[in-house]
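There are two complexes below, and they share subunit A, which is joined by subunit B in the first and by subunit C in the second.
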Partner chain A sequence: MIAAIRTRTVLVVGAGPAGLAAARAARERGASVILLDASDATGGQYWRHLPPSRPSANERALHHGWSTYRALHDELERDDGCEIVLGAQVWAIERTDASDVTDASGGADASAVTDASASTDAATVPAPVAVHVLVGPPDGTRRVGRTFRPDALVLATGAHDRTLPFPGWDLPGVFTAGAAQAFAKGERVALGGRVVVAGAGPFLLPVAASVAATGAKVLGVYEASRVAGLVRGWLPKPWQLIGAAKKGGELAGYVGSHLRHRIPYVTGRAVVAAHGADRVEAVTIAEVDADWAPIAGTERRVETDAVCVSHGFTPRLELPIAAGCELTPERFVRVDDGQRTSVAGVYAAGEITGIGGVDAALAEGEIAGHVAAGGSARDADLGAAVGARRTFAGFAARIEAAHGIRSGWTSWLDDDTLVCRCEEVPYGRLRDTREATCGSGLRSMKLTTRAGLGICQGRICGRTVEELLGAGPDVGGEDDAGHAASAGLETAAGGLFDRRSDAGGLLDRRATTDRRPIASPLRIGELAAAEDPTTSTTHTVRKGHP
Partner chain B sequence: MVSDVVIVGAGIVGAACARALAVAGVRVTVLERGAAASGTSAKGEGNLLVSDKGPGPELDLAVYAASLWPDLVDELADELGPAFPSLEYERKGGLVVATTAAGAEPLRAFAASQRAAGVDARAIPNGTALELEPWLNPEITAAVHYPDDAQVQPVIATEALLASARNHGAAVRTGVEVTGAKRDASGRLIGLVTTAGDVPAGAVLLAAGPWSGETARALGAILPVRPRRGMVLVTTRMPHRVFHKVYDGDYFGATQSSDAALQTSSVVESTAAGTVLLGSSREQVGFDERLRVDVIREIATKALRLFPFLANASIMRAYGGFRPFMPDHLPVIGEDHRIAGLWHASGHEGAGIGLSLATAELLVAGMLGTAAPIDAAPFGLARASLAPYLEEAA
Partner chain C sequence: MPARPVPAHRDPIRPGAATPIVISIDGDPVSGVEGQTIAGVVLATGRLAWRRTSVDGRPRGLFCGIGVCFDCIVTVNGERDVRACQRRAGDGDVVESQHDELPEAAR
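The block that comes next holds the complex of A and B.
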């Protein structure tokens, strides 16, 4: 068999659930694996834990699926055919194939990327990419540059949590839920004495549980979606939840934790403002309608010293975009049944293909690793993973239907509310500049207002800016009540802009805020430094493997 | 005498022409297939330079353009009011240095030739250069100060010119692509076929930058403009330590060369936002917009030759654009001698931001039959230096 001539190298980016599962599956199929992660431990955001130097007996209780994580991690760490590189920041993916673009108009036309996966034998064509990595602590002394040209690349870069702006959200003491969870899980630091958790989505539950476990009093979890919406989202196919027994177990665990900590869970409420002089001292919680527009007269002030807010997740797309992967209209990486992207030899798994949670990520990762290593999605030993992926496939859609961002949130903004915190761009200026310029392009709007141009490069505010300008991703039509789900201001009360061409909508949608050719900041000295020639060639297997 | 003009392209050249023509009373429609300021104008540094041009017609155009910018900035600010973002115009001056022994004399000679052409090009002692730029590498071998070099935020400038054009009656239609020409029996261009229907035109001005070549083809004309890619790196915000536009002298070599291979030369400057821009590269790779690490690595390496302190600064963004490159290094400004009713304002390569205003004045004079502020003949499509490319292509 041809594949036996040479061991395939599979490079996996991201060591969260999807990446770990991909690495193990690729190893089981006989490939040589390099697993990269930017942090100093495997596990990703989901299984973030204390370092080995400060072990905790409590991880099992804090983490759903902890034994799954330990098994994956321990097996890969023992395995000489898998090189785990931590502190590895991929700062660029360079495409090495011939250009397929003869005419980049910068206009609204779709990318001309062709689907090579269907016609190409993945086992013979190396991924047309060079993956540029810096290894070492980002704030330490000079990091070491490495470049990988693997046979197959599995992208499992995950998602970061999305927080919508509200007046006062920039006060100290207001945390994104992801940051709050990182503190709670990684540092075991209590955020405050009286903590409010708010936003939308099932992620609020583990966040509240983690925060409570640090000893803080969680005053309540305020879910913006209303019960009717939650029922619509979760109930159309409730038997799928039963089939997804582990998911049900996860949620049951959080609910149990909430009962133990006596945390109220309230729907149809949102934190619409935070107040305080030097740090947050109180929040205003209001009832919101089905569109998330606050209902006048329902505002209630709650004294608090920490607020954790999350409204969902944004996939980390800069690396797939750099690799040339085609996206879906909802702006996730498009994959086929083998987790192949539109670029031959490049695979994607986990949240970048759809926000589906840990079980979907594990299944997709396993399939991606197996196929990247030369296997087929129809191989019998993938049966369980394919079945699991099917089981959880509807999960993302149900989360979006039940908890997806609704357009009414914009009515809680003040003119002074910062939309882009890095560059301190308030909502009023964004709106006024758009009106003054009749701005028709996202890139122009960013460059005239500076929104999204700061150090976070739009990771925090990008989607928000896009939606405020009517350029967000498509979000799958209307929900039952006839509301365009999660659309931008074009449907908001008092909507500013519409998206149609030749009528003031944004026309350069390829200029998405997700496009970041420099995927993470690097020092000019690091960029200028010649690479170590011993590491800048095609990766070779360090140790022989059967 | 032209009474109504359809301009193809809402970059800065199209925007400047739209405003100038609208102010002059011409009925103007701008058609843009993408978004305004979404092409070349959004992908450069915003250079208004006299320092990088040797004696000749382009330098004359640049000197004239430099004289137009201060008044225009004031006029736009008055007209558009405080709600409109500032154009960030700054006459910060350029400092060109040589970094090798061999590069010193050519730089001084180049500056002397510019002085003879009327440019304020001051050969200064190295110590004076280090007073102007205290963080500059002290190992420089020669320095020339150009007080007239200036900078503008090119996207805001483009949007401001379009806003002013609209105030003077122009229509700006984005998302409309030109697909063909309407001609009368004599062959004269009388309108455009577009994705939004036919648009009649007394005259058509093609100002689509590097995409002018393909648009000209759609209209039945050959225009030998090609894309030349340039990359710029952007640092995170930092304390203000670069005060001028600072160039390595071999920048001129890159801008004046026709070599298709990669060339980089160092250009370092601060922006009003607090970032530092590092440029730039020039390579002819068609419209391939993918990142090339060897290109940005070379830009970074050469920037450190000018400012060693930048080694610890962080790059957070890179952007690349396509400059409209003409084989004889001069823009095409004026009427097409082959097709009546077709006018051109293309091919400014990396200088279009600065030259846009002067280009617009030349076109207004040409279209309205008024006196041209400078000699327009060198920019005509019929010039001898372009003839081989028109023939070859035809």
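The block that comes next holds the complex of A and C.
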């Protein structure tokens, strides 16, 4: 193929494994690359590490694939054709072709996603997006606004932990498992001395290993799924569990570390309550059935000073949704074999396309970057990445089968267990509202209870509230204001306001909880400063806290 | 044993020298090292909570650790609502915990 005359610009959002691999592949194919991350370091969640001001002789001891990371990072940093912008919070993506925005609610229609063999035409059409960014210290008042209009956009924003509520989960000393991991790797802080790790999924193992390596005692890893479920999920392709954990080495590392530290790994158990006055002092651990309902009489009280709980991951979908990308029924970004989304010129890779672990993220990132730069998924130099991606195909489905959240968990809730931590909405109120209104629709129930409308914009409780209200993702029939409200964008007590009259209301009616046209809270002053006069829309944003 | 820094002499990564800093938290001086987040500095002292919620006045501190939940927000040098788990501490930073009462009408 004849090289394009003008150098293509590829903007990559997210500098985790997927984004780093995308940036390098796009560079290798000759594009000019801008790589953004909200954090002040590259590496994402997986390779979160100490800042340069805290040097050490052997940081690799905390990581798997550290040399892969260093090579990716160093190569991009040396490369004049790649601009790395850190402390860069993407707060909105705007469609520049509003008239062409399609209603993604017809999610079952895969025709919008074309086959990679359909040539590289899509790559010659610039992505119809403007990407708005604030650069500076997190939540600072004097960040600098920048707007990018790249030829191609690669979204690699990853995922965050999903933690289900339980009585006492709002006590200080209860953390997500990711917090324990992040503070072990990125701060060298042990969150407690006697630590309980609980929830569901293979991620609990590296968390326990990291916590143990801070010198804390891990009292146990309590996995809610039962052995039968784990076998059902993993048995058809047990090598995936191994392969996912770095071809055996990483898993062996975890198992070894567990033996060395004598950490019990117990299945069919859940933390069903945390106790303490102003901080956690103990938890109740109960046996749960295959549905995750606690079995009466099996409760055991364990003294602890830190509880790290995660029940899976939630992909960070607000940017793909704002760009108009279609989602799958499982609520990941739908991509084809070239990592193209349903929006021409917009690509996605890593955890936002399915929970696949670091190797899948690297492979998908490489393919996305290569194709975004004008290549084809069939090019010979992508062979290894395409093969690696195939290895992990179905991985997310296996995790879901083995460790997916089961409905019985709701029976460990009390009436006064907070469901929405920001707005302090207890389960009893949510349930009463559902009963009183006969489930009148997620949006109005959220407005009545305020659940999911706080400063975190429903990131922590959004999907839980959907499930508790029995509503599932919203389906159609809402106006734009309603969407903004249910996306947490209009908190009366002073959170965040959004009165855009753009076509956003049409973008995706199936996933209002994940929809946040303003992807991160920002202050009016900053917004004014960041406003790009050429793309100005009528919106007002106010930042504050109830 | 509550939250605390990994003791340097026992840390397998063999940490090198770091630059000490002092910040104040609600008027109390707290020492840390350059590169720690504000949450890292506070947690290293064993303190788990630095905010009171609006409705029930309950204590909160770190929850997600990666900038998602906003439980950890503090006022830094007069700037409100700064996520303590995301903002690196700077020498001399004045950090105040937040307790935002609800307006009467919202109670």
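As a convention for this text, the second predicted complex is superposed on the first by the 449 of 546 C-alpha atoms of A that agree within 3 Å, B and C clash if a C-alpha of one lies under 4 Å from a C-alpha of the other, contacts with A are read in each partner's own complex, and residues count from 1 in each chain.
Just so we're on the same page, contacts are C-beta pairs under 8 Å (C-beta built on N, C-alpha and C of every residue); 3 or more make two chains touch, one makes a residue touch a chain.
Bear in mind that the values here come from a model prediction, so they are computed numbers and not experimental data.
Once the two complexes are overlaid on the shared chain, A:275 sits clear of subunit B and of subunit C alike. Contacts of A:455 after superposition on the shared chain: both subunit B and subunit C are touched.
Of the two partner chains placed by the overlay, neither subunit B nor subunit C lies in contact with A:70. Contacts of A:441 after superposition on the shared chain: subunit B is touched, whereas subunit C is not. Residue contacts after overlaying the shared chain place A:92 against subunit B, while subunit C stays out of touching range. Within the superposed three-chain arrangement, the count of touched residues of subunit A is higher for C, of the candidates subunit B and subunit C.
In the superposition on chain A, contact is made by A:178 with subunit C only, not with subunit B. When the two complexes are overlaid on their common chain A, residue A:518 makes contact with subunit B while staying clear of subunit C.
In the superposition on chain A, A:38 makes contact with subunit C only, while subunit B stays out of contact range.
Where the contact sets of subunit A with subunit B and with subunit C meet, they give residues 423, 454-455, 521. Of all residues in subunit C, those touching subunit A in their complex are 1-7, 10-19, 33-37, 39-40, 43-44, 48-49, 53-56, 58-71, 73, 79-83, 85-88, 98, 100, 102-103, 106.
Interface residues of subunit A, counted against subunit C in their complex, comprise 38-40, 45, 50-59, 61-62, 137-141, 160-161, 170-176, 178-183, 187-194, 213-216, 278-279, 305-306, 421-424, 454-456, 459-460, 492-493, 521, 543-546.
Interface of subunit B with subunit A (complex): residues 32-39, 42, 80, 83-85, 153, 155-156, 158-159, 162-163, 166, 172-177, 196, 211, 214, 233, 235-237, 273, 278, 285-293, 296-297, 300-301, 303-304, 310-319, 322. Across the complex, subunit A meets subunit B through its residues 92, 94-95, 99, 101-108, 130, 132, 322, 324, 423, 432-433, 436-444, 447-450, 453-455, 457, 501-502, 505-508, 511, 516-518, 521-525, 527-528.
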